[in-house]
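For reference, the structure I am asking about is given below.
As written, the chains take the letters A, B, C and D, and residue 1 is the first residue of each chain.
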Amino acid sequence: MTGRNTKTFWLVLAVAVALLWTFLPMYWVVKYAFMTKTEIARFPPMLYPPEPILASFFNIFGFDYTTAEGTVFKASGQARQIILGLRNSLIVAAIVTAITTLVVVPLSYVFARLQFPFKGKLLAAILLSVSLPPVSTLIPFYTLYVQLGLTGTLFGLIVVTLTITIPIVAWMLIGFFRNLPPVELLARVDGFSRLYTLTRIIVPMARSGIMVAAVIAFLFSWNEYVYAQILVTGSNAVTLPAAMSGFLFQVPEPAQLAASLLLSLLPPFCIAFFLQKHIAEMHIA
Amino acid sequence: MARIDLRNIVKTYGSHHAVENLDMTIEDGELLVLLGPSGCGKSTTMNMIAGLTEPTSGQILFDGADVTSHSPHQRNIAMVFQSSLLYPHLSAHDNIYMSLKRSGLSKQEIEARIAHAAQTVDVTRLLDKMPSQLSGGERQRVATAKAIVREPAGFLLDEPLSALDASLRLSLRAELVNLQKRIRTTMIFVTHDQVEAMTMGDRIGVMRKGRLEQIGTPTDIYNRPATLFVAGFVGVPPMNFLKGTLEKADGRLWLINPSLRMEIKGEFANAAPQKEVILGIRPHLMRLTEAGASALPLTVYAIEQLGNEAIVICDGPDGGKIRVVAPAGFTAPVGARLDATFDSAAARLYDPASEQVLAVGKKA
Amino acid sequence: MADTTRSDTPAPPRAAEISNLSFALIISVPVLLFLLVVVAYPLAYAFYLSFHEIRFFGGYSATWNGLANYSKVFSDQSFWSSLGRTLRFTAETVVLTLAVGLGLALILKHLPAKWRWLRALIILPWAVSPYGAGIFFTYLGRGQTGIGTAVAGWFGSDHTLNLISARFVIEYLAVGAAWNMAPLVAFFLLANMLTTPARLYDLAKIDQMSRLETFWHVTLPPLRFTLFVFSCITTVLAMKTFDYIFTATQGGPGGASAVLTYTLYKISFVNLDLGYGAAMSFFLLAVILGATGLLYLLWGRKEERQ
Amino acid sequence: MSSDFTTMNRRAFLRSTALLGATALGSSLIHIPFAQATEFKPASGETVYFRGWQFRTDVVQNNVDTYNKAFEGKVDYATVTGDYPAVMEKALIANEQLDVLYANPSSAVRYNGGGWVLPASELPDGKEIADGMYPNIREAWSVDGKLLGLSYFVTTRGAVHVFTKPFLAAGYTEEQLPTNWDALYDTVYALKEKGVATPFLPHWFGEYFGISWGFVFEVMNRGGQVADPATHKPALTLDGPAGKTLAAWKKLWKSGLVPEEVFSYNEAGYIDAFRSGRYIFSPQQLYDLKTFNDKAQSGDVAGHVSLLPGKEQSWGLIDSALYVMTARKGRSDPLTDDVKKFVSWYGYKDENGKYAVASRWLKENMLFSAYKAVMESEEARTAVSTSLMRPEDYDRVLEVYSKTPYPSGIWNVVWSEEFNFWLREKLFAFLQQDLEAEAVINEANAKITELNERYKI
């Protein structure tokens, strides 16, 4: 039937546009990771690496790379920072994700499902902290941290990151918990304590929502740049985005920038890729 | 199996009175239906019986023992919630199992009881399924199995059938009644559907705005509605109402309104002359006649053919709709003038102010 | 069993079931205390700063200057122009994010089962940091390195096609922000769409609705609350955006994309005018709260009632 | 070997005689001479924190490792990203753990104004260090007679690079290369007439050292000053170099020859743009002559990038950086001594009396030094010459370098960074919003006056 054919045609077209929209901006920079400086600088810009090389990936980890023709691509001086940043980012993101999830699940549950005095005001306070722009809290944080000796520590960065992740994840999870069926009634009739209800009934029921919450916490933590830039840059607690920005400012190393950017995208991509079906199950309205 | 007494129960939320001074007894093994429109306090009442909500004041007794401060589990009640709520992440079997998890029974015993309960409501073949794989009726049965497996002192159902389609409701209604008679558990059933209430309940408690308007057997409620609200809420088609003023003339009592002067027969002891009243009469007790002097003048609005009879819906003299039951196949053009008569002794008079029944006709 | 209980036995204490309030307190007080310390403290400190003039040269000094910082904001031309850019960026970002999110959701919904895996690809931009998105869109948009010039090249032109232009850099940045955030919106909308009964679409067919009407009357209504929630989230995130613009344009070309956060950064971090920066940041906070509040009044309340 | 002897100074001489001529045996000594080892060997056992921006961090790390290994030092090196001067200033205000840092002279002056700097003059051989520097640079790095730090690098920012291939292709000869700003602009328009779409990439990018520095050096190259070097009073005039600069800029901007996107470039974008070969002229870092002529990095222009000759006027300004010691509070005296030892080794001479770090920078990245001894060695000539388009350009490089002015009027003053950011925005507005040159000059003068008043200068 022609009707069906035109429908397929439009769908294929729409999917193509969506994929182009999704990948073009990434491709445009990620291709640099496989190009030489000369190729990157060429004008008009090249659409693809004529002879893809992996030099930048070796370089950012501190290895020289010699091509068959004998051209040497020197190891990046940022290698130590990149490796340190990778390690620190993983540590911070893992801990922040774990703490955020542990804290926010009961918190959002309580706010979503129970009636108690001052709830509205407490909720407003949480939501207010979602609205706080980092630029306005950065200086006070910084002075506080200096007094406490927390600048340049992973602990300090974790604490700050939690102030970002907890409110925003709570905001999303509250909506999710509101839509769960009222199984607490069942649980009370069945004689289960509130804690048991929460941990053994609500949590397994809300698995997909909690996964999404964890993913969001991970991403916010993994991608955090502003605080890291001020609080841990130049220390052994440097994170990947802060370490990477060395390729962006001061010394032009677009290939190494692209390579480290690609590297920094892999963990969140894997997580988003494998957990997207849970997001598709998440109802917040 | 228990007798449940509610003594002077009050439940307030802030300034809102959800339930006011409720006194009620549910006999052991009885099926009581709590009937009323949404927001009337029937669910709150049931939640208080279940122990899910604590009353602001008053007492709840199970077999004479005060359980007001007991948790639901301690009261040993079972409950089926609206839309037959189940744990969505657990299989039917595990859902039923959760009822007994805290019972202290041995694993073996629990399995035996689950098997028995499943058999009782015929869900044995569904035990491995997840709630999302069950149809509405199946879910309802699983929820019932989950309730009866505990062998509860009281069996509470909160509009369990409301989300189902009509034919399923009909069959499940019968199943539930049958089940209740078999296991002889005290059962409280909350609904806003008066047909459900009439067909299921040993007794019906009609609630409105936090008050118990009337409690009694279905026949009682139908034939002798104590208040204007009960009269209007119970019965299909609903009771007809006529406004008017009582007048004594010629030693007889008349109901007067601009288009009607009608003699009221029977004993109306407390009917004072000059009093505004509302007369209620069931459609079944009215007959259509040719237009005549002492009859009620009506204009045909619509006719519903039910097969065994027809319901003629008319515009009444005071602007309200009047329904009259006519023989099957009765026809009349829309807008036709008709008259209806009825035995005023079968009618009931209500005080518009208090909404309470004024006097009772001689014959029921 | 109930019938073994006699009325004279004392009732077991209700402690078996703790009240909502105490349960809520046990769960939330530690978290709220944490937030209080680490959020309220900096906030209070910023509040303190905003009433002082802070100096670092010739020794640190904080001089009380009352509302001077606040009144200075009103007469500061750069505040008003940055505010204008922030509002423009935010409005465009919100509209684009929701529109693109809706478009992607519609595409994802119509994917046949064997193409479902494409969903996992479409979500990926959401996992990109604002920092990374900034880098992507810099190189993509610049005339020197960008897609515009490359495409112009196909058609034989050797002209640059620069998207980072003072005239529409805000629009361009909004596109990038939408690229970053829309996939999440799309997934939440998709979740919603999948729960819309198919019957409604049959009804629409019977009513002979056009595609547009069907979209408007059947597809859209169940999504409206989600759209509202995301309009709030996007508004807040767009107004807070800093790292994305910092890496994408550094507020340029010239000051064309110097949004409020960027101006604040310059005042507080470059000029070290901490008191003034703090005062201005409260204006930003007020704008964020005002915008979400306005959204709620104009839209959210209506959605909530339904 | 010979260069070791030529660069050996009094201190090294004394030290080596104390070692019974051990230095004379030089390379035959495998072990570090005992007396020198103790001189650089840290004693406190505490960590010395050394921070800088990212430039060849591999080299820096390697140098630091060498020191740590040789003297059992505990120097902790890391880089700081982002808006470097601002981030560092924050660290200094907060009295963070920071002992040695890179700083541009303007920042160093500001840090000094904040009381956070331990001047290099206070090193044991501070006087000797200062004497070994070129006087103009020493002056640039000194406040009230105190030398603020040791030499990291010195270069000319804004030396106008020329991509000779298209220039020659347009029918010009090398002798026709412009020798002053006005001639440069004339050539740019002439090239446009000949159909070159983008003859000139001006120094108008968005970094803190972008457009504002571009203005400052052009004014100075034309013989003017932004502010008086001694009193810091404003010195811009409409009919002088500032007015001419702005007029030339306005004309250039309106001609449409400059892509607007330049305004949003960071340095990477700016360098890559020139490296692409699109442009013929561009004021760039002098040391980037090496990268532009490196085939591996700049294949499309390599071998064809030269400088505009400096025989008639100067080009650009002195862009330099120092190793600055902090005066952080609460640091123990032994640790402060360790900091001095490390800085002296790293920023001056090592245990062999060599300028090891400075020489390495010169060799590997063509970073010039403030030390005469480093620059005037044969080694330096060889190193620089091989980095250029052709060895003969070395003289041109030295010619440009030796003439480069330093804007001490606006840099050796605490408000330097503030004015710089103000100027950056004002210049963008001047071009984008078509402001009057007269208004810009008046406002700039007023801004300087205001800053002087605020900081009581």
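Convention: a residue touches a chain if its C-beta (ideal position, glycine included) is under 8 Å from a C-beta of that chain, and two chains touch if they have at least 3 such contacts.
Keep in mind the model is a prediction, meaning the values are calculated, not measured.
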Query raised in the report: Is the number of contacting C-beta pairs greater for A-D or for A-C?
Result: A-C
Query raised in the report: Centre-to-centre on C-alpha atoms, which chain is most distant from chain C?
Result: B
**Report entry** Chain nearest the global centroid, as defined over all protein CA atoms shown
**Finding:** C
Requested in this report: Report the inter-chain centroid distance for chain B and chain C in whole angstrom, where each centroid is the mean of the CA atoms.
Outcome: 51
Query raised in the report: Just how far, in Å, is the C-alpha centre of chain D from the one of chain A?
Result: 38
**Report entry** For chain A paired with chain C, centre-to-centre distance based on mean C-alpha positions, whole Å
**Finding:** 15
Report summary line: The distance between the C-alpha centres of chain A and chain B, rounded to whole Å, is 56
Requested in this report: Note the residues in chain B that touch 2 or more other chains, in rising order.
Outcome: 71, 74
Requested in this report: Pull out every residue in chain A that's touching 2 or more other chains.
Outcome: 40, 43, 143, 188, 229, 245, 248, 254
Query raised in the report: If you look at chain D, which of its residues touch at least two other chains?
Result: 87, 90, 207, 266, 269, 272-273, 276, 278
**Report entry** Residues of chain A touching chain C in the complex
**Finding:** 11, 14-15, 18-19, 21-26, 28-29, 32, 40, 43-47, 103-104, 106-107, 109-111, 114-117, 119, 122, 125-126, 128-141, 143-144, 159-160, 162-163, 166-167, 171, 175, 188, 193-194, 219, 222-223, 225-226, 229, 241, 245, 248, 254, 257, 261, 264-265, 268-269, 271-274, 276-277, 279-285
Report summary line: Counting only contacts in the complex, chain A reaches chain B at residues 181-183, 185-192, 201, 204-205, 207
**Report entry** chain C-facing residues of chain D, complex
**Finding:** 83, 85-87, 89-90, 93, 110, 113-115, 197, 206-208, 259-264, 266, 269, 272-273, 276, 278, 414, 417-418, 421, 425, 428-429, 431-432, 455
**Report entry** For the chain D and chain A complex, residues of the former touching the latter
**Finding:** 51, 53-61, 76, 78-82, 84, 87, 90-91, 94-97, 207, 266-269, 271-273, 275-278, 295-300
Query raised in the report: For chain B, which residues are in contact with chain A within the complex?
Result: 50-52, 71-74, 77-79, 81, 85-89, 98-99, 101-102
